[in-house]
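What follows are several structures.
Okay, so subunit A shows up in both of these, paired with subunit B first and subunit C after.
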Partner chain A sequence: MPTALPTRLLATALLLAAAGPALAATAYVSNEKDNTLSVIDLERMEVTGTLEVGMRPRGLALSHDNKLLYICASDSDRVQVLDLASGKIVKELPSGADPEQFALHPNNKWLYISNEDDALVTVVDVDSEEVLAQIDVGVEPEGMAVSPDGKWAVNTSETTNMLHWIDTTTHQLVDNTLIDQRPRHVEFSKDGSQLWASAEIGGTVTVVDVASRQVLKKLNFQIKGIHPDKVQPVGIRLTSDGKYAFVALGPANHVAVVDAKTYEVLDYLLVGRRVWHMAFSPDERLLLTTNGVSGDVSVIDVEKLKVSKSIKVGRYPWGVVVKP
Partner chain B sequence: MSTPESAFGAASRLGPGAYWECLRGIVVREWLRFVQQRSRFLSALVRPLLWLLVFAAGFRAALGIAIIEPYDTYITYETYIVPGLACMILLFNGMQGSLSMVYDREMGSMRVLLTSPLPRGFLLCGKLLATALISLLQVYAFLAIAWFYGVQPPVAGLLAALPALLLVALLLSALGLLLSNGIRQLENFAGVMNFVIFPLFFLSSALYPLWKMREASEWLYWICALNPFSHAVELVRFALYERLNGLALAVCLGLTLVFAVLAVLSFNPQHAALRRAA
Partner chain C sequence: MRLLAIHGLAYLLAIASAALLATHSQAADGELQVRIGYLAYRPDPGPLLSNVIPEPDDAGLRGAELAITDSNSTGRFLKHRYDLQVADSPNPEALLDEARRLHADGLRLFVVNAPADSLRQLATALPDSLLFNVGSADDGLRLDACPGNVLHSLPSRAMLADALAQFLAVRKWTRWLLIVGTTADDKAYADALRRAAKRFGHKIVAEKPWTFDNDQRRSAQAEMPLFTQTAEYDVVLVADERGDFGEYVPYQTWYPRPVAGTQGLTPTGWHKTVETYGAAQLQKRFEEHAGRWMNDRDFAAWIAVRSIATAVTRLRDTAPAAIRSLALSTDLPIDGFKGRKLSYRAWDGQLRQPIPLVHPRALVSTSPQDGFLHPSSELDTLGLDAPESRCRLSDARL
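Now for the complex of A and B:
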C-alpha cells in the first residue's frame, strides 16, 4: 500500500517545522469522555502530555496571570483549579451542580459559573472559595461571559432561548434578550460594545449592542453541499483588532469566517467532526478548534484563513485555552 | 536503412552536440505537433476538469471524515482527486503518444527518424522525453485552473511535484511505447485504451483512498494497492504536499526502467513494412 510506508524528506520536516509560527505557547484541551486534559505544544504542534482531572471536563478558563487553569468538571459537580507550573490540582471550588461553562471577572477573583441542571448562575470568589451569589436564570444555562469593563455578566439559557444580563455590582438579573433557539455561547467584542451569541438549533449568530441591549444583526450560514439542519453554531471567537469573527458550526464540520465589521460571511473552513469551541494563540495568528466526534484539534492559520493541521487528542475534546 | 550496429558505429564518431541536436529536433517536432493540435490540448484539459468540477462536486463532503497521509488535516474531495486527475492527463497522453507512434510507423515518418545515425534506444527515449515534457505543460495548466477553483497545495509542493510528474510521465509513455510495439495496426488501439487506461485509472487510488476500497472489498483493495498507477498517483500526491513516498518512488523508477528497456528491445520498425509485404 503506497500510503502505508511514507518516508519524509528531512528537508520537508524542516520546512514544516519552520512553517509553524515560532511561539512557545501551550494549549490545554478538555477531553469530555476521557476525564483528561491534553497538553499541546504549539511550537511543535503535537500533544506533549495528558493530565488526569475530574469527571467530564468541559469549560476551561485561565486566570488573568496565566498561572492557574479553572476546569469545569461537570460530573464531579465542581470547578477544579490546576496550577500550571506544577500540573497539580491545587483547589476545588464549590460550583453548584453540573457546571458547564464559566467566565472570570476582570478582577481575577469572581468566577461566574452556569449550573446546567439547576437553572442557576453561581458566583464564586476563587480566593476565599466562598459562594458570593446564586442567581436564577432561564432553563439549562450554558454560555457565560463577563464584559471587558467587568460591568456585565451575561448567561445564555438553552431552553428559554434568552441572554440574561446580570449586573455584577448587585448580582441581580436586570434584563433578558430573546434570541434564536438554543443559545450556546456568548462573546464580548474587545471594546465591550458588542455581544455575539450563537443559537445552536436556530442556526444563527445574533450580534447585540451592549449599551442598548438591542439586536444589531442576525447572521445566517449556508454551506454548499451540507444540509441546513447540520449547521449548528456553538463557539465564537472575535479577533481583538475587530476584523474577524470565527463561528464553529458543530456537526457541519466547518468554521465560518465572518467580517466583523460588515457581518458578511467570508468563508467556511473544513475542520474535524462536530466542532464546538475555539481559542486563539496569544498573537492571534492561530485559532484552535475542538472537534468532538473526530477527537482532534484543528489549527487554523488566521492570516491565510486556512486549516493547516489537525492534531489527535483524547475522546470528545470540548474546551480549549492557550497559555502564552 | 542503417543497422543498429552501423548506427552505433556512426554515433560513436558523433559528438554530444549531435545528440543534443537530435533530441532538440524530436522535442521541437513534438511541440509543433502539440501547438498545431489545439483540440488535443483542450481535450486533455476538459477531461480532468469535468471530473473536478462536476463529478467531485457531488462528493464534496464525502471524504471529510478521516485524515490520510500526506494531508495534515481534513480535505474536500476535490482536493483529494486533483493528484489522480493530474496523473490521468499523463496516462492519456502516454497512451496517445504511443498512438502517434503507431501512426508514425504506419505513415513511415518513424522510419525517417530511425535513419538517424544515433542509437535507436536514444531516439526512442528522446521520443518518450518529448511526450513527457509536453504532458507536463498540460498538467500544470490543469493545476493552475484547480488552484483558482480552490485546490491549493503549497507552492513549494507544486515545484516538488515536477520531478515526480516527469517520472510518472516517462513511466506511462514507456508503457505506451511498449504496448504500441505489440499493436500491428492503428485500429487495434481502441481496444488497448479500454483494456489499459480504464482499469489502470479506476482500479487505483486516484478516485478513492485505498482504505475506502478496503471497506468495499479486500480483493479490490489488493488490486488497487498493487496497481502501478496507484503508486504513480501517490508519488505525485505526496510530492504536492512536500513529502516523499519512498515505496512509490521505487516502484515508479523500477517500472520505468523495465518498460523503457523492454520497449526499446521489442521495437521493430519493420512491422508495418512486413504487413505491407504480406
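Now for the complex of A and C:
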C-alpha cells in the first residue's frame, strides 16, 4: 500500500515539521524507479527520510501555503497529495492517464496536469477533486506552467513541438507557438513578462514575450569537450531578481548559467549524470539539481556559481521542490 | 508505333499537368497539403524453417500511418495537412506503375519499403521526387552510385554489423565463428560482418556456409554441435536474414558460447525493448494504433515521415529539393527517441542513429559504445563513413 509509512520515517517527518520554518528548509526529490521521495534536510545537507509513494513519481509541486505536496505518480495514473505535517498521502486526485508534470494556479485550487499518453491537459480542482476541463493539445504533452497573474496556463508537447497557450478564464486553447524539437519544460519569469521554454532535441531554450507571444530570443549551448548532440536542455529556473537563468542540460551533465538580461551564457557547471530538474532554496542561495543516471542531487552555490556538494538519493531522481 | 507516340504524348501531358498541380499544393483556404506516397513491395522469402512466430506483413506501413497522425498534430495548429497514399504491390513492375500513377497525381514525396533493385528502379523513374528508403539495408546503395534522390532511414547492414562488433570488442569476444546462409542477402550480411571484424580487431577463426536442407526443428540438437565443431571461438556470428536456420544455433553450439548477428544478440534499428528517452510513449502510441509491437521497419517508416514533417514545418513548403537539401545540411535535428538528435549523412543520405542490441525480450546494449571516438560524430563510427563512401549527395541538387 503506497500510503503506509514505517513509523521511523513518520517520526522523522514529524521531527522535520516540528523543527520550524527558519532553520529547516526541506527538499523533496522524486525517485522515478524507486517509487519513493527522498527527504533532504538543507541545514544538514543529508537525506533524513524516504517516503513511499505511487508508481514512477515524477513532477512535484507544493501548495502555495507549503502545507501540501502534489506528486505525479505517472504509472499509477494519479496525482497524490501528501500532507507535509503528517507525512501521509491524504488524497488522490483524478489526473487522467500518465500525469508527468503539472502546475498550480495562483488561486491554489486549480491544478493543470499534462497527460502524456492522451494528448490532453486536465484541470482539476484540488479541493472538490473535480475535473474542471480537459483540453486537447499536441502529442505527448509535458511541460506545464501557469503565469504569475494566473491568466495563462502554458503546456509543451514533445512530438508536436509547440507551446500551447490556454486561457485560464475559459479553459480554451487560444494560441500555439512553434519551437524546436521536443519541448520539455516551461517557466515564467517572476514578473510574468517572459516565458522560457527548453527544447531537448533541438538543444535550445526559447524566450517568449508573454504579451505578444512572440519569440524574443533563442539560446544555444556549447560546452567544450561535449558533443552538441548530448546538449539536451530540460529543467529551467530563473532567479527572482531577474539576474540568472539556470538550464539543466541532461546527458551533457552540466547546468548552464545564463545572464537573464543579456541572454549570454556565463558558465557551465558540472553536475551529476543526466540532470533533469532543479529547485532553489527559499533564500535562492542554493540550487538543487536531480541527476537521473548518477542517482544523486548536486547542490549549486548560486552566489559563487560553484557546485558545493552532492547528495546520494534514490534511483533515477527526477523532480525536486524545496519547502521553506 | 504511332499509337506508342500518342501514348507517350499523353504521358508527357500528364506529367506537365501534375507539375502544375504540385506547385499548387496550397489549397484555397490557405492549408498546405503534404501528400506522401507509401510504396511497398516485399518479395516472398520462401519456405522457412523457423516459421513458428510469423513476421507482421504490414511492417513499415503502420509506422508511416502513425507518423502521419503525429505530424497532423503539429499540422493542425499550422494549417498543414499530411496524408498518406498507399500502394502495396505483389511485384516490382506493378509497384513501378503504381508509383507513376501517384506521381502523375502530383505526389513528389515517397516512402519506399522495397528491396534495393526495386528502389533503384523507382529512384530512376521518379527523378524529381524525394524517396525515403525504409526497406533495404543494402550497403551498395550507400557506397557508390548512390541514387541522388534517396535518403535512407533504415540502418545499413554496415551500421548493424559495426554496432555489434563494437559491443563484442568491449566484451573482448574477438574470436568469431561465422555461419553464412544461402541467399544473396545472407552473403551481404556476412560481408558487413567481415568488414566490421576488420575495423574493430576481431578474428574470424572459422567460417562455414549453411548447406543443410533438413528441418533443424527436429535435428538441431544432433547436428548443430558437430557443425560448429571448429577452432575455438568466443562467439558465433550468424548471417541468416530470413530466419531460416539461425534460430536453432543458440544453445546447440559445440563450445558453450553466445550467438549473435541475425539471431541471438541482434543489432536492429528498433525493438520493443527500447524504452528510454521517451521511447516508451512512442511504443505505447504505436501499439494502440497497430495492435502489435513496433519493429525496425515500422520505425524507419515512422521517422521517414517525421523527417519530412520536421522539414516541412521548418520550410513551410513541400518542395522535394528543399526538403532534401535541408535534410542533408546539419540544420535539421530529428527527434527519434534515441537519446540524441538524429541527422542525415551529407555523403550518402543515411540517417545516423544509435543502434540497439537486443535479444527477444531485453535490450542488451546500445551502440556506439563508449570509447569509440570520431572527429565529428560518434554516430559515424557506425556504417560507411565519409572517406569510405564514394557518394557526395550534398554536392548535387535534385
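Keep this in mind: the second predicted complex is superposed on the first by the 301 of 324 C-alpha atoms of A that agree within 3 Å, B and C clash if a C-alpha of one lies under 4 Å from a C-alpha of the other, contacts with A are read in each partner's own complex, and residues count from 1 in each chain.
FYI, a residue touches a chain if its C-beta (ideal position, glycine included) is under 8 Å from a C-beta of that chain, and two chains touch if they have at least 3 such contacts.
Given the structure is predicted, the values throughout are model-derived calculations rather than measurements.
Student: Please work out whether A:E116 is in contact with subunit B alone, subunit C alone, both, or neither, and reply first, second, both or neither.
Tutor: Once the two structures are laid over each other on A, A:E116 reaches subunit C alone.
Student: Identify the partner contact of A:N253: answer first if only subunit B is touched, second if only subunit C is, both if each is, neither if none is.
Tutor: A:N253 contacts subunit B only, not subunit C.
Student: Based on the superposed arrangement, let me know which partner A:V139 touches: subunit B (first), subunit C (second), both, or neither?
Tutor: In the superposition, A:V139 touches subunit C alone.
Student: A:N176 in the overlay: touching subunit B, subunit C, both, or neither? Say first, second, both or neither.
Tutor: Touch status of A:N176: second partner only.
Student: Should A:L270 be classified as contacting the first partner (subunit B), the second (subunit C), both, or neither?
Tutor: So A:L270 only meets subunit B here.
Student: Pick out the shared contact residues on subunit A: the ones touching subunit B in one complex and subunit C in the other.
Tutor: Looking at subunit A, the two contact sets are disjoint.
Student: Provide the residue numbers of subunit B that touch subunit A in the complex, in ascending order.
Tutor: 57, 60-61, 64-65, 67-70, 72-76, 156, 205, 209-210, 225, 230-231, 233-235, 238, 242-248, 251
Student: For subunit C, which residues are in contact with subunit A within the complex?
Tutor: By the definition above, subunit C touches subunit A via 70, 73-74, 77-78, 278, 281, 284-285, 310, 313, 333-335, 339-341, 377-379.
Student: Considering only the defined contacts, which subunit A positions touch subunit C in the complex?
Tutor: Touching subunit C from subunit A are residues 116-117, 119, 138-140, 157-162, 176, 178, 180-182, 201-203, 227, 229-230, 232, 251.
Student: Under the stated contact criterion, what part of subunit A meets subunit B in this complex?
Tutor: Result: residues 1-9, 12, 15-16, 224-226, 253, 270-273, 294, 296, 298-299, 307-310 of subunit A touch subunit B.
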